[in-house]
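Two complexes follow with chain A in common, the first pairing it with chain B and the second with chain C.
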Partner chain A sequence: MATDALRSQVAAKWQESFHRLNSDAPGISGLMNFSEAWAISTQYLYPWDINNASLDGGGKPFGKDLNVARPAFSLVNHSRRLPALLENFLDDMRQNFYLIENEINQFMERYEADEDTAEIDPLITKLMEWYKSWAPPQELGSTFFSSYTLNFQTRLFSALPPSFAHGFKKLCARLLSPPDDDHAQWDPNIHAEVWKNFEILGLIDRYESIIASVGYEFIENHVLSKCTGEWGKPMLEELRVWMSEKVVPWMLHVYARGASNAEEARSMLQGVGSRFDFHINKTLCDLRTREIFDIIIDFPDSMGALQDLKDCLQRVDQRANLVRSLRKSNQKRLLHPGADTKLILQQYVATIKCLRIVDPPGVLLFKVADPIRRYLRERPDTIRSIVANLVGDDDGGDSLVDENEPIQPLQQPEFEDYTDPQWEPEPIDAGPEFRTNKPGDILSTLVSIYDSKDLFVKELQVLLAQRLLMITKDNSDRVERERKNVEILKIRFGEAALQVCEVMLRDMTDSKRIDGHVQSQKESVVHPTIISRHFWPSLESSDMVMPGQFKQLQEDYAHEFNVFKPDKTLKWLPHLGTVQLELELEDRTIEVDVPPLEAAFIELFADQAIWTLDELVKAVGAVDRSAAIKALSTWVDHGVLKEDPENTFRLLERAEEPSEAVVRERDLAALPVVEDTPAISVAQQQQADQMRVYWKFIEGMLTNLEKLPLDRIQSMLKFAPGYDRSIEQLGDFMEAARREGLVVVRDGIWKLNK
Partner chain B sequence: MKVTVKQWHAVAQWRWDTGHSEQDDDGEGDVCGICRVPYEGCCPSCKMPGDDCPLIWGECTHVFHMHCLLKWIGTAASKQQCPMDRKPWLTAERKVGSAPVS
Partner chain C sequence: MEQLTSSIAPPRSSPKSSAPSSTQQGAGSVAKRLSNELMTLMMSSSPGISAFPKHDGNLFEWVGTIEGPSETIYAGLTFKISISFPPNYPYVAPTIKFDTPCYHPNVDISGGAICLDILQDKWSAVYSVQTILLSLQSLLGEPNNDSPLNSDAASLWDEPAVFKTQLMKHYRPVSDSA
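Moving on, here comes the complex of A and B:
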C-alpha cells in the first residue's frame, strides 16, 4: 500500500530524472532529443561486422559518422547517462563477439593444419582491425576506452584456443632469430609494428613467460652451436657481445616498450637483462659440465673453456653438479681395469691442474680426486708408474710433473697456521675431511696418495738398481744421468731417504775405478759392477756356477781384486749382467750379447756337442728348469743349437736350412738379446720371502695344537716380531701353502698335511 | 766350436775378509758387536760403507767397525778392553788373505 510519503518520494525522483534528461527544454522536447542522441550513440558504438558492413551513402559503414555522433555523445554525457551507454555497449560487444571468435577459429584451423606461422601473422593483423573498428572514440573519455580494452582483451583471451600459444611462440621466435643467411641485413626494427600490435592486444603481458622462453631457447641454441667442443678460448665475452647485438634489440621491444630514451630503456632492461645473462652463464656452465672430462683430456689446449667455467660457476651455483658429472665420467671412462695406470695418473694430474684453475681453493678437486686416489691406491703398479715417470723412465709418455715447475721438497700435510694474517677459512662447501693442498706441487699430491713416502723411496731404489745394473762399460756415462736424477729426487724426498741410492751410485764409480786398476795390472774381459750388498735392494739369489773359461775369468779377476783390496773378497752374482760372445763355428761366426746363463750353456757345448736338458742344468749348478729352457731356446733361435729329440740339444757346427737360419740370425742380430726381466726381486716376491720366516711359526703352531682356524693363526702370529700382515694376506699365504701340499684345510680349519 | 768372451759385464758383491771366511752366503753375515750393523754396512756415524768405514781386527779375533771401536775405547768405562771378552784391546796386524782358523 503506497503511502503519501512514498508517493511523494517517487514523484521527486521522477521529477529529477525527467529534468536531467529533458534539461530545461520545454515540454518533452528535451526528452525527445535525448532519445535521438541515445539512438545515434548506440548505433555509432555498435560492434559491427567489419567483414560484412552495410554502408551508408558516403561509403562509410552505416551510422559511423563521428561528426553526427559527437553532439549526441555530448548530450548523453551531459545527461549523465554515459555509464548506461557503456553498459549497453559492452552488452552489444558480448553479443557480437562471436564474429571475432569465428574469425579466430578459421585462422587457427588453418594453422593447426599446417603449423605455419604465416597464419598467425594475418590473424594478429585482423584482430587489430577488429579492435580498432570497435574502439569507442576519444570523446567518451579514457574510462570508457580502458573498459573497452579490458573487455576486449578478456574476451579475446578466452576465445583463443590453446594451440595459439604454441603458434605465438613460434611467431616470436621467428621475429627474434634472423634468417640464417643474411645476418648483416637483418634489422630487428622491421618488426616494431608487430610488437606494437602485440602490445595493444595485451598479448605481451599475457604471454610474457612464453616470450621469455623464446629468448631462453634462442640463447641456448646459440650457445650450444657456438661453444660445443670449442675449448680453445674463453667464449663468455663473445657471447655477451652477441647478446647485446642480437638479443637486446629484440628485448627492447618486449621489455622496454614505451621507454622514451636510452637511459630509461636501460633501467627497464636491467632486471630481464641480468636474467638473460644468467641464462647464458647457466647454459654454458651446463655444457662445460657435460664436457668436462674431455676438456681435461685436452688440457692445456682447453684453457679457454676452463676460464669460462670458472666465471660461470661464480654466477651459477652448479659446483655440486660439476663434481657429480666429473665423478660419473671418471668412474665410467677412467677407473676401470682397461685403463693403463699411466693414463689414469696423467688424467689425474690434468684434473688437478684443471680444477685448480676453476676452483683455486681446491674444494672441487678434493671431491673429485677422492675416488681416483682410492682407485690408484688399489692398483699394484701405481707407485712403479709414478717413480718410473719421476726418473724419466717413461717410454715416450708425457712427464707427469711439469719440468718448469720448481723442484721443491715434498709437503707434508700441515696444520693450519692461525697466526697467519693471510689465513682464510675453508670454503663453505668443503667437507669435514677437506684438506687444503698448497697449489703448485703435483708430486706431493701424487705421493700423498699413499700414507708414507717410504714406499716410493723403496720403489725408487729398486728402479735405480735395475737401471744401474744394466749399465755396462760402454755406456757408463749413464751413471752421471742417474746421479743427476738422484740429486733432483733428493730435493724432493730428502737427503736421508736417498742415502741408499747415494751408496749405489758410489758403488758404480768405485767399480769403474777398481776395474781400471785391475785392468792395468792384468787385462781382463770381465768388467764387473761391485756392489755393497746391504745397500742394494735384495737381489734374487742363485746357485748358478759358471763353467769352463768363465769360472777361470771370475777367479782371475777376484784374485786381482784381492791383491788391490787385501781386506776384501769378491762374491760373484753369476746370474746377473750380460756377456758379449763370439762363437766361431765351422761355417760361420756369430756375435751376440746374452745373459750369463745362455753363455754358460754355450760354453758347455764347446766341449761336447750333445747335452740333455738335465745334464745341462746339473752342469751349471741349480737353475730353474724353465729358465734353462728359455736360455736354450735363445740359442735355438740363433740357429746354434737344435732340440732333437725333445730335451736333448745338439750343436749345429754347420747351419741347417741355411736360408731360414740366416734370415733369422740377421733379424736377431739386430736386436740385442739382453735379459730385460728385472733382476731385482719385485715387492711381491720379497713379501713372500718374508712370509717364509713366519711359516716356521705356523708350522710350530700346527704341530703343537694340531688344527687351527685362520684367525687364531693370525692372532698368534701377531706376537711374532715384525709381523704386520693382514688376515687376507695370511689367507693367501696359507692357500699357497696348501697348493704346495704343506697344509690341508677343512671347514676353515687348517692342519698340517701329514 | 770356439767360444770367445769379448766382454763380460758381471755383477759381484764385495765382502770384508774377516777371517771367518766360511760364513754362510745367505746368513746376514757377521755383525759388528757394538752397533749390531753388518760389517758390510756402515757404523752409525758413517754414510758410506766400505773403505770409508773400515773394520778393525783385535788380537782376540774380534772384529768391529773401526769407528765403533775407537769410540768405545775413547770412553772411560772401556778400560781399553775389548767389549766382547774384556781382554785388553790390541789391534791385530791386518791379515792378508789367509785367516787364522779359530
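Moving on, here comes the complex of A and C:
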C-alpha cells in the first residue's frame, strides 16, 4: 500500500495543481473561473461546420466572439493549460474533419465527372474558407497556429483523392498559360491570390514536382509550336526572351514566394531558372535532332537551326543521340537502292558542311559519315558521279564542290604534327580511329572515300576520252574547255596524275593539224581523230568493216596519212564517230547525221534493195545483232527502210504513207538520231577483261594438272599478275564457267569439260 | 643517294651471305622471266600446246601438254611432259622429258628423254617455253631419223601401220597416268 511519503507527495502535487488552476482565488472560485474559461476557449476553437453554422444573436457563429474568448484564453494560458487546449483542439479537428472531407469529395466527384478545372478553383477557395474559419486566433501564439496549420495540411493531403493531383496540374497549367490572344496585356499577377492560397494550404510544397512538370510541359509546347520546321534563324535567343517575359513572372509566385526584394527573388530563382533554361535547350535540341536530316537537306537555308543545335549541344549532352538519329535516318532515307548516287553525294556534302558548323572538330561528322562512305564505296557509279561533277558534266545538279572554294591540291591524310603550337588534343568522344581532317576541302573528303586517287584519275581519263571523242568538227572549241578543266584538275590531283589526259588533249590538236595537212594534199570528207592507243583508255574494239564508198574513203585517207607519217600506221575504229549523209531517193532527199553502223547499212542498200538481217550483219563484218537491229530501226523510223517480212529489210525508194503503227512508234521513240556516247570499256568491262585473263590461267592449269580443288586453283592463280580475288569470288566465277559448260566439278575437284 | 647507300649496305652487313644472295637475286630475275613466259603462253592460245607450273610457289617445275598434230601418226594423242628449269635459265636450256610413254625415233621410250638440237647445243636465250613446245609438237610429225634415241622406232618410221601399232602399245592415255 501507499506509504506516507507517497501520500504526502501526491498531496503536494494536488495542491500545486489546484493552486495553479485556482490562481490563489478564495475557495474554488478560481477553479470555477478556469472551468468557464476552458469551456469558452474550447467552444471558440471548436471546428464548426461553416456550411451549417448555428448563429448567435449577433449574427455570428455561435460562441465565436473573440472579445469574449480573449480573457478566457489568457486565463487558460495563465494556468499553463495551453498544451492541453491545443491537444483538445486538434482532437476536435480530427473528429470534425469529415466535414471538409465530404466537401472535397463533392467537388472532386463533380470534377471527375467532367474534368473541368472550374471545379478545382472553388474547391481551393472553399478549403481556404475552412482553413480560415478553423484557424485559432493570434492570441494563442505561433506555436499553436503552426501546429494547427501542419495538422490541417496533413489531414487535407490525406483527404485529397488521387485525381486531385491531376486537376491541380491542369489548374496550374491554366494559371500559367496566358490567354491566347492578348499576350501583351496578360498580367501574371492576376492569379497572385490563388497562388497565395496554394501556398497557405501547403499545396505548393506538396505538389512541387507537378508544378515543375507544368512548367516543363509549357516550355515544351511552346518550343515545339514555335520552332518546328523553323530553321531560318536561330531561335534560342528568342526563346530565352520569351522565358523571361512569360515564364519568370509565373515562377516568381512558385519559387520566389516570400522574397522581399528583387535581389532575393533572383537568387531564389537561380536554381530553378537554370533548370528551366536547360529544359529549353534540351527540348530544342531533341527537336532539332529529330529534324536533322531535313535540316541538312535544307542547308544552307537552315543555318539558324544549326547554330541553335550547336549552342544547345554545348549545354546538353546529346551528341550521341544526334549521331544515332542521323545515322538512322540516313539508313532509312538515303542509303538505299532507290536513292540516286548523285543525291547521296549531295546529301553527304551537305552533311559535311552542316556538321562542321555544329561540331567544328569533326567528331560527329566522322561518326555519321562512316556508313555513308562505306555505302558509297559499294556503289559502282560513285566515282563516275564525283568525276562528272568535277568536270561540270552534270546536267542540272548542283555542283558538289563550292565554286567559291579555292582550288587546292588534294590533301593526303597526314600524321599528326606534335610540334604544331596550335595542336589540340582530340575531342573527348572521338573514337580510336578518328582522324581529323582539315575543314574546307570537300573534294579531298570525297576522294578519300576510296583508298587512292588513282581510281579517280582513271575515271577522269575515261570521262575525258568520252567527251573528247564526242567532239566533232563543228564544236571543236570544246577542246579548249576540256583543256581548262584539265588545268584545274591538275591543281587538285597533281601534274603527274593527269599526264595521260595531257597527251589525250594533245592528240586532239595534233589530229586537227594532221587532218589539215592531209586535207591539203588530197581533200577528203573524212576527218578522223587520231589518238595514241597507249594513252587512251581501252576503246571497245569492233570487227566492223565499212562497205562501199566508206571503205574507199578510209583507204584513201590512210594512204595520205602514211605519206605524211611513214613511221605510223592508222588503225581505224570505224564504229566510232558520226557520218553526215545525204540520201537521194527517187522522190526525196534525206539529210541525216548517223552513227557509222547506220551509214554502213544504208550504203549496202545502194546496190541491192532487199537484204535479210543476217546478210547485212555479215556484210559489215561481225557486229552485234541487237546493235544491227537498232541501227536498222533508225532507218525504219526515217521511213527509208521497211521491215517486211520480219528480219528482211526493203529500201523504200518511194515514200510510203506511214502506217499508223509506224506513226505511233515514231511518236514514242521521237528520237531523230541518238548520239551515242563512245563505248569505252569502263571499270566493269575492265574487270571482265581481267577475268578473261584469269580464265586463261585456269584453263592452262587444268589442261596440264588435270584436276584441282578450288583452293589449289586459288593459290595457283597467284602466278597470274595482279590476281586479287577472294576464293569466294573465284568460286562464283568457276560456278559460272560450269554453267557455260567449260568445266565440270565432282567432289569439289574441278576439271575441264572435254 | 639512296642507291649509293643500298649498294654499300650488303657487304657491310655480312660478307658470307653475299654469294647466296647473288644467286637469290638471279633466281628472282629467272622467276620474273618465267612468270612473263607463263603469261605469254597463257595469252597466246596456241592450239595443242600448254604448260603450267606444277606447284604454287615453284616456278621452276612445270607440266606441259602436247597434242599430236593432226594429219600425223600422233593425231588425237595427248602427251604429258615435265619441264624443269635450271637456276641459270635462260642461259641454259631447261630439262625436258616425256612423262607419257612416246614411241618416237628421238624419244627414249623408257626414260622419256628427248633428242632435240635446240634443247642441247643449239639452245639460245631467246627461246622460250612456247618455242620449245612448238618445236616438240612439230618434232612429233617430223622426226630426225639421223640421230635416233629409239632406233626401232626410227627403222619403223617408214611403215606407218606397224609404227602405229607399236605407238599404241606403249601409249597410255593421259588421265590414266595422272
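Here is the rule we use: the second predicted complex is superposed on the first by the 719 of 754 C-alpha atoms of A that agree within 3 Å, B and C clash if a C-alpha of one lies under 4 Å from a C-alpha of the other, contacts with A are read in each partner's own complex, and residues count from 1 in each chain.
Here is the rule we use: a residue touches a chain if its C-beta (ideal position, glycine included) is under 8 Å from a C-beta of that chain, and two chains touch if they have at least 3 such contacts.
None of the values given here were measured: they were computed from a predicted structure.
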item: Room on chain A for both chain B and chain C (clash or fit); value: fit
item: Partner chain(s) touched by A:469 [first = chain B, second = chain C, both, neither]; value: first
item: Touched partner set for A:337, first chain B, second chain C, both or neither; value: neither
item: Partner chain in contact with A:425 - chain B first, chain C second, else both or neither; value: neither
item: Contacts of A:719 with chain B and chain C, given as first, second, both or neither; value: second
item: Chain B versus chain C as contact partner of A:578, first or second or both or neither; value: first
item: First (chain B), second (chain C), both or neither touched by A:645; value: neither
item: First, second, both or neither for A:748, with chain B first and chain C second; value: neither
item: After the two structures are overlaid on chain A, angle v-u-w for chain B, chain A, chain C in degrees (C-alpha centres, nearest 10); value: 30
item: Per-residue contact with chain A, leading partner among chain C and chain B; value: B
item: Three-chain overlay, closest Cα atoms of chain B and chain C, distance in Å; value: 10
item: Doubly contacted residues of chain A, that is, touched by chain B and again by chain C; value: none
item: Of chain B, residues touching chain A in the complex; value: 1-17, 21, 25-26, 38, 40-41, 47-50, 54-55, 94-97
item: Of all residues in chain A, those that touch chain C in their complex; value: 693, 696-697, 699-701, 703-707, 712, 715-716, 718-721
item: Complex contacts: residues of chain C adjacent to chain A; value: 35, 38-39, 41-43, 45, 50-54, 56-57, 59, 62-65, 80, 174-175, 178
item: In the complex with chain B, residue positions of chain A that touch it; value: 469, 472-473, 499, 502-503, 506, 510, 525-535, 541, 549-550, 553-554, 557-558, 562, 565-574, 576-586, 591, 596, 599, 602-603, 605-606, 651, 653
